[in-house]
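Below, subunit A partners subunit B and then partners subunit C, in two separate complexes.
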Partner chain A sequence: MDIILAAVGDAFAWQALLAIVVGTWAGIIIGGLPGLGSVVGLTIFLPFTFGMSTITSMALLIGVYCGSVYGGSITAILINTPGTPQSAATTFDGYPMTQQGRVDEALGWATFASFFGGVLSCVILIFCAPQLAKFAVNFGSIEVFALICLAMMCIVGVSKGSVMKGLVCGMIGFFLSMVGSDPITGADRFTFGSYTLSSGLTLIPVVVGAFALSEIFVRFSSRDDPGAKIPEARLRLPKLGEWFKRWIELVRGSLIGSFIGALPGTGAAAAAFISYATAQKMSPRRDRLGQGEPDGIIASESSNNAVTGSSFIPTLALGIPGDVVTAMMMGAMVIHGITPGVRLMVDQAQTVYSLFVVLIIVNVAMLILSKPSIGLFRYLFRLHQGYVMAAIVMFSFIGAATVRGNPLDLVVAAVTGILAYALRRADYPLAPLVIGMVLGPELESSLRRGLLIKRGDFFELLTHSGISMALFSLLALLIVWTVWSSIAQWRAAARNQPSYD
Partner chain B sequence: MVARLAHPRVLLALGLFLLGVVLAFHAWSGPSDAMLVPRIVLTLWSGVALAITLVELSRVTGTGSWPLSTLPVLMGAVLIAAIAVASLGFLLASLPLVALTLWLFRLHRPLPMALGTLVIAGGLWFLFHHVLLIRLPTLLTSGAL
Partner chain C sequence: MKAIHHALALMIIAGASHTVHAQETLEIIVPFAAGGATDIVARSFEPVFSEQLGVTSVVRNLAGASATVGTTEVAKREGNPNIIGYAPAGSLSIQPSLKDLAYGPDSFTYICRTTSNPMFLMVSRSSDIEDFDQLVAASQEQPLLYGSSGPGTLPHLAAAALVVESDLDASHISYSGSGPAMNALAGNEIQFMADTETILENYDLRPLAVFAAQRIEGYEDVPTINELGLPEMEFSVWQGVIAPKGITEERKAQYSDACKATLESDRFKSFAENAKAGIAYLGPDEFESFVKERFEANKQVLHDAGLID
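Entry: the complex of A and B
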């Protein structure tokens, strides 16, 4: 009880509250600017956290994350351009409502559904994460290895585009994590005689390059300027009676988002589309979906915001990030002395409870800050795109340069940015690359420890315990399913779209 | 066939395959303990990249092209600035990069460009280096610039 009270005290400290307000407000704005999104938002704000305490810095980043997921819905409703892919499904009913002159109502539903989904997923996180961590204490090296392989295969299996491309990106991520000194023998690997490379590569410069810098290159090559006219809009939150009529849609969307968010590799965009598809089958007003029906906005926004809380379940309890955003959050946690994984709930319980409270406050802050933020978009869209892009270049450089003060990290970010641009143009998914880099060290050390225990016998590794056998069996099934479905996908693609120009 | 090989998708897949092979050779010639996992990873990388190359080769028709325009200029500037930070310090390396970025994004009027460069590059450098005391790489050993 003392720990919980102390954790609440940490979360309600004025520095943490200020960080929540600034982070959430900035997240809403960044999320609303098409093409930027959560990862760029975190890239911009990460350098600010280096001088902050652990809870304050995490409060800022969680604010940016949750705010950006909600912010994407504002431009989806106002100009039919989702600020983030997570809000793409919101355009189906949000923009028709704007065209019908019901923009205030649409924004109100998006805000309330986002708040509801976010809070419900926090509650689920609070109950599920400690239980999962308790169960995961039974995991030894071999079980951890099996779990990481399974998570990686899930991420590769649901990657956008080709599974093979996802797999090769995952391998690139694993490889990047292996540059530098070997953690067990201390031998240099892939340093090619360079002293600066022997300290290895860190996650943040790779993420900065892969997402922020490559985004600038993509925007530059497409010259996509979202110079749209924003309609006059004010927020009108639904009245109690109105949301009570649609409570089933709110709960269903939030539960779908919470479930999908806890699975590795899926993310908020998938949650929003699955929730929308479910609403098309189950909503009592399904015949009006797509023509400006609030149930469509509720389905999309409650589920994509529910992902923000539940995606922390595998991250905090197992140390396995579900997507790029949580991988980056995990990197930031490590920088600030939080080590996600099975021991976290035991060793840093107060910090974990503080994060839970912070997540709830962030959702309340999002509800309060939504009104002043919406008015700002009219002015932001008049700003020249060059200023935004130049600022992102600077923040990317600052983020990469300040992680550990090694100038090599800037070069790594620049090279990764150029490579990531090429990969994006050829439809390679980047999420497996980043998550491979996060999971690489644990994958390697758990495999090598496991082989030491089993005296190098790979077969004994597979049959070590009931849990490991179950996990390896699931992995085998997943591999078979992935190969099967990708062959079917490839054949269908060959029939319908036989070639690229 | 040669035309197909010149397609950017094929070139990228081939590049990944060759890189994987070179790194895999390096891993197989290194110490077996430290290189155990890299050997597995890089062999898998090479195999999958070869399969991607073959699939891309079977799919592409013409030489194809990605609209690059002046993108290599921006990419080169980012890379040069990143390398220059170590010797010139953060401020001197980032000022021309920000100015060039603004210009490439079609902000050609001198006053907004100069002000934008000063505020974005100079302002952010001052904020982090001198106000927040989050130190950035410097030219002078005193740390002022």
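Entry: the complex of A and C
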């Protein structure tokens, strides 16, 4: 008990609170700017933490992390350009709502869902970390492969109009993710002898090109007045009654995010897509999904923010970083003399408890700071659209260049932008491209690892374990259901057609 | 129009100030993403090092392709006295044999080796394998799998060399880093792995042997590979400072003196203790011959394991 009180005291020290406010605020702004995401934000703030105490530096970094995951949704909703890849799924319903003049409501749902997901995952982290960590350990390559296959089904749902076009874009994304070194053998693929290509294409430049740049091309080539203003946005949090109606969606999204976050190597972008795919099958309002339905925003935002809390599960319980971001946190801990690992919870209990408290305060701070942050974006977007777009192009390129300092990434962003513009003009949906790019590498490497483990036997892959069998059966069911319902739709449409014989 | 004039003037000033800046600043290339294990060592090394040299320095992370992108950048700047690289073992002594790179062991001015940590052969503590003989016996019942943090990394090479030289029957699966590989080890997807003391201490692991010439302090009951009746094998994860070719002897001496002083500083020492980075200084000449010797040895392992022709 003394330890807990001391831990709470550490977390409420003024330095820590100041760090939380500064970090969360900066995180929201950085996340909101396309191209600058969680990793860039943490890279900017990491050097500042060297002179701080452990809890203060953790508070700053956690603030930046959680804030940036939330901040990505603001630009996703306002201008159809996700500030971070984690919020790509928020554009599916967020932007249509803006077009319908429901921007305040969309921002409110995104904010509330982010807060809810963040807090629920903290609770799960505090109470179920050891159990979930144990379960995640049994979630091997084959189970991950089954899970990613399920997530891939989401491509069907987001391909409005033509599944074939969606699959084409998904394949393009998958192909782009294959450029570079083979994950298993290390051999070069699709590099055409160019040395710069052998490091592969990374997600940020592709997302920046596909969403931010293509959106700008579309805006400037459309017949509308290029000086048109971006809608004035205010935050309107959902009322208690409204969120009560959708509590199942909130809880489901948060649980999916919490679970995915606990698995090493998946991350918030994948969680958002998986959660969105689930909502497409399970939401009572699934027919309206993709046309401006709050359930879509909830699915995406509650799950990506739930990852922030639960990604600490493998880090704290096993010392295994769940993603790049937690790997950076582990690095910061090492600098302060804390070695993450199996004994961390025992040896450093006070620090771990403070970390829990900090996580919860950060989420509350995020809720409070959301209003002024959106106000700031409203103020910025009041400028002539041309200036806003120019700034977005600039930030997009800065973001693309800072990820790993490779000039090739600027070319990648520009080329993807042009390609994405052409695809949009031909009515191809872009979301599958990003889904392919996000999930492709993990799909490929988990399948190939699974086949290595089973020595090339596909059938054994399917019957590997109870979890994998359940997941593969679910996948088969989903495929049958999707095909069945599209045949039924097609028949109904054919019946309603007047016959001319 | 006025706005454009102002903007142009500003850009020229910005451009010019950059040139001045570039002359006085030392650029330290870290071929890994910010926040990674090597980056943290490099960033703790940098402030003390530049203080010793009396210059300002900037760390530039240039990640990708198993650290070869950043290492290439250093090799390309022949004759530039204001750039150095903080390079890991893999990009200097393994990757040039695996890939067609723009550099080789002769492309650098070697400054110093900073740290070196021996590698251990380890299994999960939940497994009932207690020593190397049991591991071999288990592998003959059913072939085993070993993991690594990526194809062509030191964990891959060390285990591959062991499989070639012993009766161990095992094949390789690569993961996207040590973390995911540890998850797989804990879930028994893979059965053993070679990695450093940091990994060994942080996770629930049991060391079976050490890839070093002598037993390691603190692990006196862990036998060396040689003691197991196998040929001597030395694998360690090391890092060092490199500069482009064609810099003056004077500059080289300045760098290596600063490096030595950094490694002896209390600030870096206390960091190294926390991060479990074993300080292992080698001067310019010893470091150069060390890299070349490791390059040849690793090439032989790659060849024996069938990874290169």
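In this section, the second predicted complex is superposed on the first by the 276 of 501 C-alpha atoms of A that agree within 3 Å, B and C clash if a C-alpha of one lies under 4 Å from a C-alpha of the other, contacts with A are read in each partner's own complex, and residues count from 1 in each chain.
Definition applied: a contact is a pair of C-beta atoms (placed from the backbone, for glycine too) under 8 Å apart; a residue touches a chain by one contact, two chains touch by 3 or more.
Everything numeric in this text was worked out from a predicted model, so none of it was measured.
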{"item": "Partner chain(s) touched by A:R425 [first = subunit B, second = subunit C, both, neither]", "value": "first"}
{"item": "Which superposed partner A:A136 touches (first subunit B, second subunit C, both, neither)", "value": "second"}
{"item": "Which of subunit B and subunit C A:V415 touches, first, second, both or neither", "value": "first"}
{"item": "Which of subunit B and subunit C A:F190 touches, first, second, both or neither", "value": "first"}
{"item": "First (subunit B), second (subunit C), both or neither touched by A:A488", "value": "neither"}
{"item": "Partner chain in contact with A:V346 - subunit B first, subunit C second, else both or neither", "value": "neither"}
{"item": "Which of subunit B and subunit C A:P47 touches, first, second, both or neither", "value": "both"}
{"item": "Which superposed partner A:K165 touches (first subunit B, second subunit C, both, neither)", "value": "first"}
{"item": "Partner chain(s) touched by A:A277 [first = subunit B, second = subunit C, both, neither]", "value": "neither"}
{"item": "Subunit B/subunit C common contact set on subunit A", "value": "47, 50, 182, 184-185, 405"}
{"item": "Subunit B residues within the subunit A interface of the complex", "value": "7-9, 12-13, 16, 20, 23, 26, 30-31, 33-38, 41-42, 44-45, 48-49, 51-52, 55, 59-62, 64, 66-69, 71, 74-75, 78-79, 81-83, 85-86, 90, 94, 97-98, 101-107, 112, 116-117, 120-121, 124, 128, 132-137"}
{"item": "Subunit A residues within the subunit B interface of the complex", "value": "47-48, 50-51, 162, 164-165, 167-168, 171-172, 174-175, 178, 182, 184-185, 187, 189-190, 213, 216-217, 220-221, 384-387, 389-391, 393-395, 397-398, 401-402, 405, 407, 410-411, 413-415, 417-418, 421-423, 425-426, 443-444, 447-448, 451, 490, 494, 498-501"}
{"item": "Residues of subunit C that touch subunit A when the two form their complex", "value": "33-37, 39-40, 43-44, 60-66, 68-69, 72, 98-99, 101-102, 145, 150-152, 171, 173-177, 179-180, 182-184, 186-187, 189, 201-204, 271, 274-276"}
{"item": "Parts of subunit A lying in touch with subunit C, wherever the complex brings them together", "value": "39, 42-43, 46-47, 50, 136-141, 180-186, 188, 195-196, 198-200, 264-265, 314, 318-322, 324, 327-328, 331-332, 334-337, 339-342, 404-406, 445, 449, 452-453"}
